[in-house]
Amino acid sequence: MSSRTIHPIYNEEQNRDLGFGSVVATESRERLLNRDGSFNVARRGLSFRSSLSLYHWFLTIAWWKFLAIVTLVYFMANVAFAFGYVLCGPGALAGAGCGASGCGLAQAFFFSAETISTVGYGHILPVSVAANLLVTLESFVGLLGLALAASLLFARFSRPNARIIFSQSAIIAPYQGITAFEFRIANARSNQIIELAAQVLFSRLEKSDGKSVRRFYPLALERDKVTFFPLSWTIVHPIDETSPLSGLRHEDLRASDAEFLILLSGIDETFSQAVHTRSSYKADEIVWNAKFANVFNRRADNQPITIAIDRLHQVERLETHPNSDFVAAD
Amino acid sequence: MSSRTIHPIYNEEQNRDLGFGSVVATESRERLLNRDGSFNVARRGLSFRSSLSLYHWFLTIAWWKFLAIVTLVYFMANVAFAFGYVLCGPGALAGAGCGASGCGLAQAFFFSAETISTVGYGHILPVSVAANLLVTLESFVGLLGLALAASLLFARFSRPNARIIFSQSAIIAPYQGITAFEFRIANARSNQIIELAAQVLFSRLEKSDGKSVRRFYPLALERDKVTFFPLSWTIVHPIDETSPLSGLRHEDLRASDAEFLILLSGIDETFSQAVHTRSSYKADEIVWNAKFANVFNRRADNQPITIAIDRLHQVERLETHPNSDFVAAD
Amino acid sequence: MSSRTIHPIYNEEQNRDLGFGSVVATESRERLLNRDGSFNVARRGLSFRSSLSLYHWFLTIAWWKFLAIVTLVYFMANVAFAFGYVLCGPGALAGAGCGASGCGLAQAFFFSAETISTVGYGHILPVSVAANLLVTLESFVGLLGLALAASLLFARFSRPNARIIFSQSAIIAPYQGITAFEFRIANARSNQIIELAAQVLFSRLEKSDGKSVRRFYPLALERDKVTFFPLSWTIVHPIDETSPLSGLRHEDLRASDAEFLILLSGIDETFSQAVHTRSSYKADEIVWNAKFANVFNRRADNQPITIAIDRLHQVERLETHPNSDFVAAD
Amino acid sequence: MSSRTIHPIYNEEQNRDLGFGSVVATESRERLLNRDGSFNVARRGLSFRSSLSLYHWFLTIAWWKFLAIVTLVYFMANVAFAFGYVLCGPGALAGAGCGASGCGLAQAFFFSAETISTVGYGHILPVSVAANLLVTLESFVGLLGLALAASLLFARFSRPNARIIFSQSAIIAPYQGITAFEFRIANARSNQIIELAAQVLFSRLEKSDGKSVRRFYPLALERDKVTFFPLSWTIVHPIDETSPLSGLRHEDLRASDAEFLILLSGIDETFSQAVHTRSSYKADEIVWNAKFANVFNRRADNQPITIAIDRLHQVERLETHPNSDFVAAD
């Protein structure tokens, strides 16, 4: 039922813009993908209610914000209930915890905290019916609210979160008599990622009928999938005569606002769950005529081989190859 | 092991009715799919027990209903336990929280609430063995019940819930010398959806041997998948000579009870989980000879491009094309 | 990397035994699949520890067993802690809750229940250091234990559980001039199942070199997948000349210990989760020369069409077709 | 968009090293895969913060470690809060629970435990404002912390954990006139695994241009997938003339540091979740000229067939076949 089999005349090229659409792809002067994989676009005009995905928001805000919000909500709830107990009248609360002058707002606040968290020492006590009803409500709301906060806390804690490190620079390196576009990735978590697949797209502005149009080209990779990803993986696109990079120089990439889009997908083994990661390289993040430094620590006898991830970003410049098509640019 | 390879003579057409079956597809005068993707059919005759999917029901009822039910159950449980304590006899409960006349039903209710929520101030206390046993039961049931309620609350809160907005109208628009059937979608949540795929089926009643039969035709799309869905996507079916829409007019669609069925599937990136969405357009929800208004806010310098989702539904009528096959119908 | 491309000479037939293996497939006189989809096999010799999948067990036992076990564990834990407090010595516990004779085992039990559930009224109190330490332990263990029980309760409650009803009998029915093997299914839950796919295998004992060997044949289906499953689905295998059922009679099926294995897989839309269901029909569960009763309630005007699931199993016998290959057998 | 269709000249052989990379594959003298499926490699140089996947760590450490850590954290938190209450001054806490000399550190510790677990008997009480504020904080932190611990406990308990047992030895057995490389697996859990697929790779060091290079060869299997996995599965690679094992002897395998890598993937039916398992066999874990002992218990009448999993590892030596290419080696 796919359009390809039914209607083969529409070409596949436009499918390569990945969904950015021609307006964003062509007119944006920002990079399409940020280094962390997020987009340089924004949606406006959603009503507050329709865009409300509180759960997503609680899951993705920074930890300090999350903890601050939860603590603040807890504090404000106690303040609100404290006022509620005060409004129940002077004799609503009583007990050894209150001084000679009766239970004031401070005592009501502490009583509320003991109630909402279900500690309930009993040195301050609800006396009037109204106070007792408020206690019934507060202990119910408190348990559900704290359980919700705890569940959010755990959801943040347990969210599958592959953190794949991309080398700061991509390189144009000598490769089997020609050159290749290469970058390196490593798994920065202790969990295992398996069945990791890579797609690399080369995107640049081209003139078409006098208009500037962004085109996307998939780059053929030396290998596009690894079954295991225990250490690091150098992803290699050989620049042979069929490559869209063939004959291009650093200035060409910069002039055409070129961007290399990287899409990775794999399976987090701990949770048997799919993970998706993205990144991109712009022209100025590519080092020409270089090679990656070795990341392997040669083993002592009877020791497993290790890699030094802090060397992942290290690039070693090569002497300019005299009859290369490429010139080291910066 | 598919029937296609083993037994190629059964045609694929009937697979296109999507599972509605010929009775529903042909005899129903309702739309097959509602705008929100639900079905216009119902199952009867299930015994209460066999249809009991309480969890599904708790997950999908409205929030106010959910909260009302949970609160009511909590209240009724306390009432029941309160009667239980009263039934234990006059001396079952005692304490400073009870007046001179002993602990009545109201005190028993407040004591129950303090027990079920595990607050336990201690100003009302179980004295008799029966009351103590009831307390043991209530605190156990209370903790499990409130934990279940809290888990349901969190499950509702965290349920992956892509909300894709469909443009109120589809349009028949000029497209590269011919016309096209088009509609627009946008992601109304702040989460990212990736690998979004679309299927569009055109369905109408046709005469076959004097009988009215509903037929389903897949429509070839300009593109049927986007890798990213950061903003909006205009889904386009070009009406060329191979299209089942070729030569049809608004009256034809209406007369044949035509319906365009839309099926979307993608991956919610926050939870790495598949999402499925459906909708449909009937003949009167299609605007002929129109185009969609621009949704992009042209960027100020150094600002990302944004889209205004409130303009998603805006359709601009075009002047009737003199030699068009189509006539603007309403 | 599949064996098919590398080594095409091994035939695919043995892949059709589904993994039962030749010993079970041939020697077992039980049906291979029970009606509820479970297997007629058992594993022995696993050490208790290695087979220990407590979670799986807690998830799949009957509700009354689960609740009985949780309640019993809670009760026994309180008994154990009660003895612990008694062992701390006569002055370990004290308080208004204990009578003049001090705190006995009953009081220790009630105190334990108030502590493990964190109610903590304070009418019985730990006095000695040992009792206080035991309280610290019990409240910690109690909270974790009750949270674990509550999580299990919720996991049971929320477990995706497609319940697809299979018609009690399959039928051999007239179909487009020939006959067909047919059975019906319906969704007994209120949740939606989409992308439902069916596989049907015909299995029987055959003589091969004088030995009895069980063979498996896939049956070509009129359609093997539905996109939606809103109501019921009649799954149809037309018995044409290529069918392995061609020319067989009821006695043949019974004599060869025939069994029709049904495998369904789909997606539960509420949870976006895959569901798998199985069942089987033996020769005596097939009604020959029959058709299924209509399950649709013809609509009143402006009412959606409904199905009556209690009629799913209804089969209507047809008069024996004079020149049929088949004879109604029972 | 795969590199194969676009750029077919890069050969697929290097994709068979599974992602170990040439340095590890060639230089490591350890086995690539341990028997339990883990890797013999390590990553160094990750900063503590960037490698921090606490959740993964809590999920995979041993049970005794997990419980020890949770208990220790609970204990230390109480010690810290106890010092906090002491630091609030001599009159911060009071109550019947404290002796004539006032509330000391021990009482503060017990009070903290009653507060953090929300028991709250009320025999020790916060008096000063500072102590009350600390109580408010502790009950809040305590509930969230204990909920987090309980969630971790449940996540460990409920983690899908297929435990597939591999036979201790693989064998080289007679098979249909030739020989075959075989090993056996069984499901050691009571849950069902379906759609189980197997890949077997043969890996050895080879001389290439005078250098030692590790090569990987997929082995064609008699069957590479089972729909059900109710009992055991003997996975068979027939050693015909196209097999990379053809003509090899035990000494050859040992000399070339050969390793058989096993990759299994399937679906855990209880949770509808993908599971992945790995193992490997080295030359010395292969028994030549042997067959596996029968694991089936022949049924008594009307009893289902069972397997004895403790016989899974039993291998029966055969007399050396006089004109075999193979010699039993140890």
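A few remarks follow.
Letters are used for the chains, namely A, B, C and D, taken in the order the chains are written, and counting of residues starts over at 1 for each.
Please note the rule applied: a residue touches a chain if its C-beta (ideal position, glycine included) is under 8 Å from a C-beta of that chain, and two chains touch if they have at least 3 such contacts.
Here the structure is a predicted model, which is why all the values come from computation and not from measurement.
Two copies of one sequence, chain C and chain D, touch each other mainly through non-matching residues, since under half of the numbers at the interface are common to both. Superposition angle, chain A onto chain D, using Cα atoms only: 90 degrees, a multiple of 5 between 0 and 180. Separating the centre of chain C from that of chain D, both taken as means of CA atoms, is a distance of 27 Å. If you average the Cα atoms of chain A and of chain C, the two centres end up 38 Å apart.
Chain D has residues 114, 118-122, 147, 151 in contact with two or more other chains. By the touch rule above, chain B contacts chain A in their complex via residues 16, 70-71, 74, 78, 96-97, 106, 109-110, 113-114, 117-123, 146-147, 149-151, 153-154, 157-158, 161, 163, 165, 186-192, 194, 196, 199, 218, 220-233, 238, 242, 267, 269-270, 272, 296-299, 302, 304-311. Within the complex formed with chain B, the residues of chain A that make contact are 1-3, 6-7, 10, 14-15, 18-21, 23-24, 27-30, 39-46, 50-51, 53-57, 59-60, 114-115, 118-122, 125-127, 129, 132, 135-136, 139-140, 142-144, 147-148, 151-152, 155, 160, 263, 273-276. Contact residues on chain B toward chain D in their complex (touch as defined above): 118, 120-122.
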